[in-house]
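Two complexes come next, and they have one chain in common, chain A, joined by chain B in the first and chain C in the second.
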Partner chain A sequence: MKRKTNRFGIFYLSFFFVLLYLPILSVVLYSFNAGSSTAKWTGLTLDWYRQLFNDRVIGEAFTISIQVAVLTAFLSALLGTAAATISLTVTRKMKKVIQGLMLLPLLVPEVALGVSLLLFFNGLKLPFGHLTLVLSHSLFCVPYVYIMVLLRLQEIDASIIESARDLGATKWQAFQTIILPLIMPAIVTSSLLAIALSLDDVVISTYMSGPASTTLPVHIFSMMRVGVTPKVNALCTLILVGTFFIIGLNQLIGKSSKTGGYLIEKK
Partner chain B sequence: MKTSKQNVLAIPLIIWFGLLVGVPLVYVVVLSFLSRDNLGNIILQFTLENYEKILDPIYLRVFVNSFLLAVLTGLLTLLIGYPVAYITAKLAPKQKNMVIGLIMLPFWISSLLRVYGWIILLGNTGLINNVLLALNLVDKPLPLMYKFSTTLIGTVYMLIPFMIIAVYNSVDKLDQSLLEASYDLGASKWKTFFNIVLPLTIPGIAGGFTLVFIPALGLYFISDLLGGGQTIFLGNLINTLVNRGRNRPLAAAFSVGMILLVVLIISVYSRIAKDKGEGLFR
Partner chain C sequence: MKRNNVIIVGIVLIAVLALIIFNPNKKDSGKTINLMTWGGDFIPREIIDNFTKETGIKINYKEVISNEDMQSLLEANPDQYDLAVVTDYMVDILRQNGLLEKLNKTKLSNIGNINSVYQGNYYDKKDEYSIPYAISTSFLLVNPEAIADLGAEPITSYKDMWQPELKNNIVLIDWSVEIIGLVLKSLGYEYNETDPVKVGEARERLFALKDNIVRFETNTPEDSLVNGEAVIGFMYSNQAVKGQAANSKLQPVFPQEGYPIYIDSWVMSKEAPNKEAAYAFLNYIMEPEVAAKIGEITNFTSPNKAAGPYLSEEFRNNPMLNMPDEVAANTSFYIGVENVLEEYEHIYSEFKLK
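Entry: the complex of A and B
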């Protein structure tokens, strides 16, 4: 190996990572700035965090976001696992149809998807709120559950299931007692991913929120449009901490089951 | 033997996804051909007016802006990301995993936070201007925000991990013996790169380009926050038409246009992938 290129390579990578993380770090840094502008550093403070906890609107938006995220994760886990399991029993053509339909939301730009859902739900006279948020969020979460569970299912030795069936287990029993425990880590990690994706969504939520159901990102977006305030920085920093908590949880599950760690390694 | 009888289980799934994905998309296409009355209500009357409007130079300009943004984002992520992917693929396995982890990590960090970070960096009282002023390199803050290029910085920053991972997978699979053979036959490093590595990683490049291009068309909150509405993109226009203009048929027509752009890029991609016998969406 030639040393010279290696050194240049390390330099380039380091430079890249500085640029990748600088914006994130500066948000965190300025959340502790006493002054309300980024122009000057006027000393450390936790005031912005205190203001945040007293803000009722943000508290409500946060509650709605968490509710929506958890419901989305449940629905996506259910649908994604069902789709993955069923797609292994149907004909190849049918599998392609399922896959195509499910991956479609990832291929359509979010604005177009959001608008189409808005117009459609509007046409159906569905009330905008939790229901529309969960339904729309599950659309872009299910494909990830599907892919992760499918990968895990394909690793399972078919002979285990065959012997269970030979010993008299029904199809459902075989699924419940053998397959489900084996794919559980994949279901859990992909549900965590669904929570993260749902909590982060801005574009589709803008269209799906009802008058009384603004999600946190939609609210943050409107705050950011007004301008830079350290309060937004503080809020973003707290969300960052939450994100790291989810990632840590995922890595933990990954380590204990040896199949996880999906959040970082695979998408 | 799998028979069509076993497909019965799939029917509820197809209905569910068909209802939530297929039907809304068809509905948008239908809506784009309908008219509206003075109050903005949709009336059942066939018209091509919405599509005629799209061809109006003012609106066509929006298409060009979005297309340009998406293409430039693709090219810049490739230019910056390719070396990152290439260098990463050459690292030792342990370092490799760590670097890939660091590249993917921002994905899980709130996208609003990441865009907001650039406002903190690029604003008139932002970090970059603060440093430049403190070093006396400039005497008044450089106007870095609210430009086409600011939006471009944002989209490149947000989407570059997609490009890196796609190219990385391609480089990582490369048969090392081909490179050794090239060196043994006396080819220089650059010659080997351009004649062997680059052509073999084209599927990865095409895949990355597609993955970057599609969201770049529609991430309107980036252009909203960083571009400040100076340049109008498809996403912003659709958003305004739906929320404020209440011209839903026209918004639908623009959505159809946007989806057609996506279909175009995917068909280009699948042609390249087919040629090379690979696929991203298999």
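Entry: the complex of A and C
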């Protein structure tokens, strides 16, 4: 009986993954197609990759996207970790309020967020560009960092911190030497997530970028009017490879975090 | 030690952040134009680079996804952008909202090159606010051989799409206003009809087409004809161009009843920070050689009639790329979409669920 369900489970899982990854695989395949139409396979070529690397505009948009993503990840890691640490020290009621306010940006529709940020930054007379992009992306990335770091913080045994304080560590020393290393994996993981979210954003970026700072996803979507070339397939393939690399990295970090947790419980 | 490293890395990152943030392009000294429109090569970089080389004026090209995005950005920051290219109906909206500069024709010596067929339209009757840039349309791309093989009559009008022999052989772009517009035209009515009797008639007629449709596809409808899934496709001109390039048997049919036209036009913001340079650029792109090059790169019909001699023979003789005036005469705009959208969307979703 148990065997049967197991077999069905395997069948279901493989079906699920095939459905999930086959379309993505076709993008990879067609990035090597000689013809410009996705309707016919006309031969193997690396032409689209060559064109991609010679495309100045894609290069510039990519650079801007990466800069914004990294800065966003850093800023949201900083703000999210601070918020999570603070929310542990406040009253339960206050913690609920912080939590609610943290999750709000995720519930507001992106277009509404984009337009209100546009009006807000406009009122502040901030120059649109990297600054506004990083600030607005952080707005929807901070909640993820907050949630992941808070979950990790709640796992930490309070007695460790207490003993550190007993032995004469200042609050900052206790945070720096005990809490920070323990939550580091969560911070890194959520930062990687923030990078992915920032690289992915189209709607808010459209409103937040200045006259000279188009990001990569906006560039790709804005090509629709003229028509998208297989160059974009090549680009997607490269992004895919990059994503797998980041996910792999993340898995490695996740593994080491587990052993870290184990050691503490053992003690 | 390790923790100190973390802090050092943090400080370095903050420094980088500050450096990047406080280094915006604040050099708005009369040598930069900010323009926004669709991206890719909608305004070819080659043209922009040549202009910068000739005049020393730098151009910032902000890429956006839709007319509505441009409207929001222009309304929020009218003094940040000099120029935009928007579609006909958006010229109307921006003009009525008072966002557009009345163009000073004395600064545009090349304005006479623009084909009058594309001027004097409803959105700008006196041509005071806009200059046509790229003309496109949608029509039928057909595979005449395959249609004959199915035993159907040759296609010359929308009406021919209802032949029962064409079952499961038509691909359509997926937008309610376009498809109901097509049906209205086949009945001899105009686009965006509001008369409930005529709309009801169109609804019945639309439902009768359902069996013949094999696919709704907005991004690559031409692929269905190339791979033989369909024999007729209603699509945008640049898609039809691609389809024919992949399979030379495919032919355009401009239906007798008429077809839509989209005129993407230059407009200048009323509060443009650098009007002089913007005029220089507008005048530059209306030069015949430049206009011809733009047409060939973007695959849109050029509204510049002086560009004709500079077009390659292949481009000039292709009615999909270089729409002849008599073909352009049978086009009409989608006017007042906001009045019919809700009703049409309702009918359309009912139709798709059938």
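Basically, the second predicted complex is superposed on the first by the 235 of 267 C-alpha atoms of A that agree within 3 Å, B and C clash if a C-alpha of one lies under 4 Å from a C-alpha of the other, contacts with A are read in each partner's own complex, and residues count from 1 in each chain.
The rule we apply is simple: contacts are C-beta pairs under 8 Å (C-beta built on N, C-alpha and C of every residue); 3 or more make two chains touch, one makes a residue touch a chain.
What you see is a predicted model, and the numbers here were worked out from it, not measured in a lab.
After overlaying the two complexes on the shared chain, residue contacts for A:177 are found with chain C alone; chain B is out of touch. In the superposed model, A:118 lies in contact with both chain B and chain C. Judged by the touch definition given at the top, the superposed model places A:240 against chain B, while chain C stays out of reach.
Judged by the touch definition given at the top, the superposed model places A:24 against chain B, while chain C stays out of reach. Once the two complexes are laid over each other on the shared chain, residue contacts for A:224 go to chain B and to chain C alike. Of the two partners chain B and chain C, more residues of chain A are touched by B. With both structures placed on the common chain, the touch criterion links A:152 to neither chain B nor chain C.
In the superposition on chain A, A:200 makes contact with chain B only, while chain C stays out of contact range. Once the two complexes are laid over each other on the shared chain, residue contacts for A:137 go to neither chain B nor chain C.
When the two structures are aligned on the shared chain, A:83 is found in touch with chain B, with no touch to chain C. Taken together, the two complexes place residues 37-39, 115, 118-119, 202, 206-207, 221, 224-225, 228 of chain A in contact with chain B and also with chain C. Interface residues of chain B facing chain A in the complex, by the touch rule stated above, are 2-4, 6-7, 9-10, 13-14, 16-18, 20-25, 27-28, 31, 80, 83-84, 87-88, 90, 97, 99-121, 123, 125-127, 130, 157, 160, 165, 189, 214-215, 217-221, 224-225, 234-235, 238-239, 242, 248, 251-252, 255, 258-259, 262, 266, 281. On the chain A side of its complex with chain C, the touching residues are 35-40, 56-57, 67, 71, 74-75, 78, 115, 118-119, 122, 127-131, 134, 176-177, 180-181, 202, 206-207, 209-212, 214, 218-219, 221-228.
Chain A meets chain B in the complex at residues 5, 9-10, 12-13, 16-17, 19-27, 30, 37-39, 79, 82-83, 86-87, 89-92, 94, 97-98, 101-105, 107-113, 115-120, 123, 135, 139, 196, 199-200, 202-203, 206-207, 217, 220-221, 224-225, 228, 232-233, 236, 239-240, 243, 246-247, 263-265, 267. Considering their complex, residues 3, 6, 10, 13-14, 16-17, 20-21, 24-26, 34-36, 38-42, 45, 60-65, 69, 72-73, 76-77, 80-81, 219-220, 222-224, 226-227, 238-239, 242-243, 245-246, 298-299 of chain C touch chain A.
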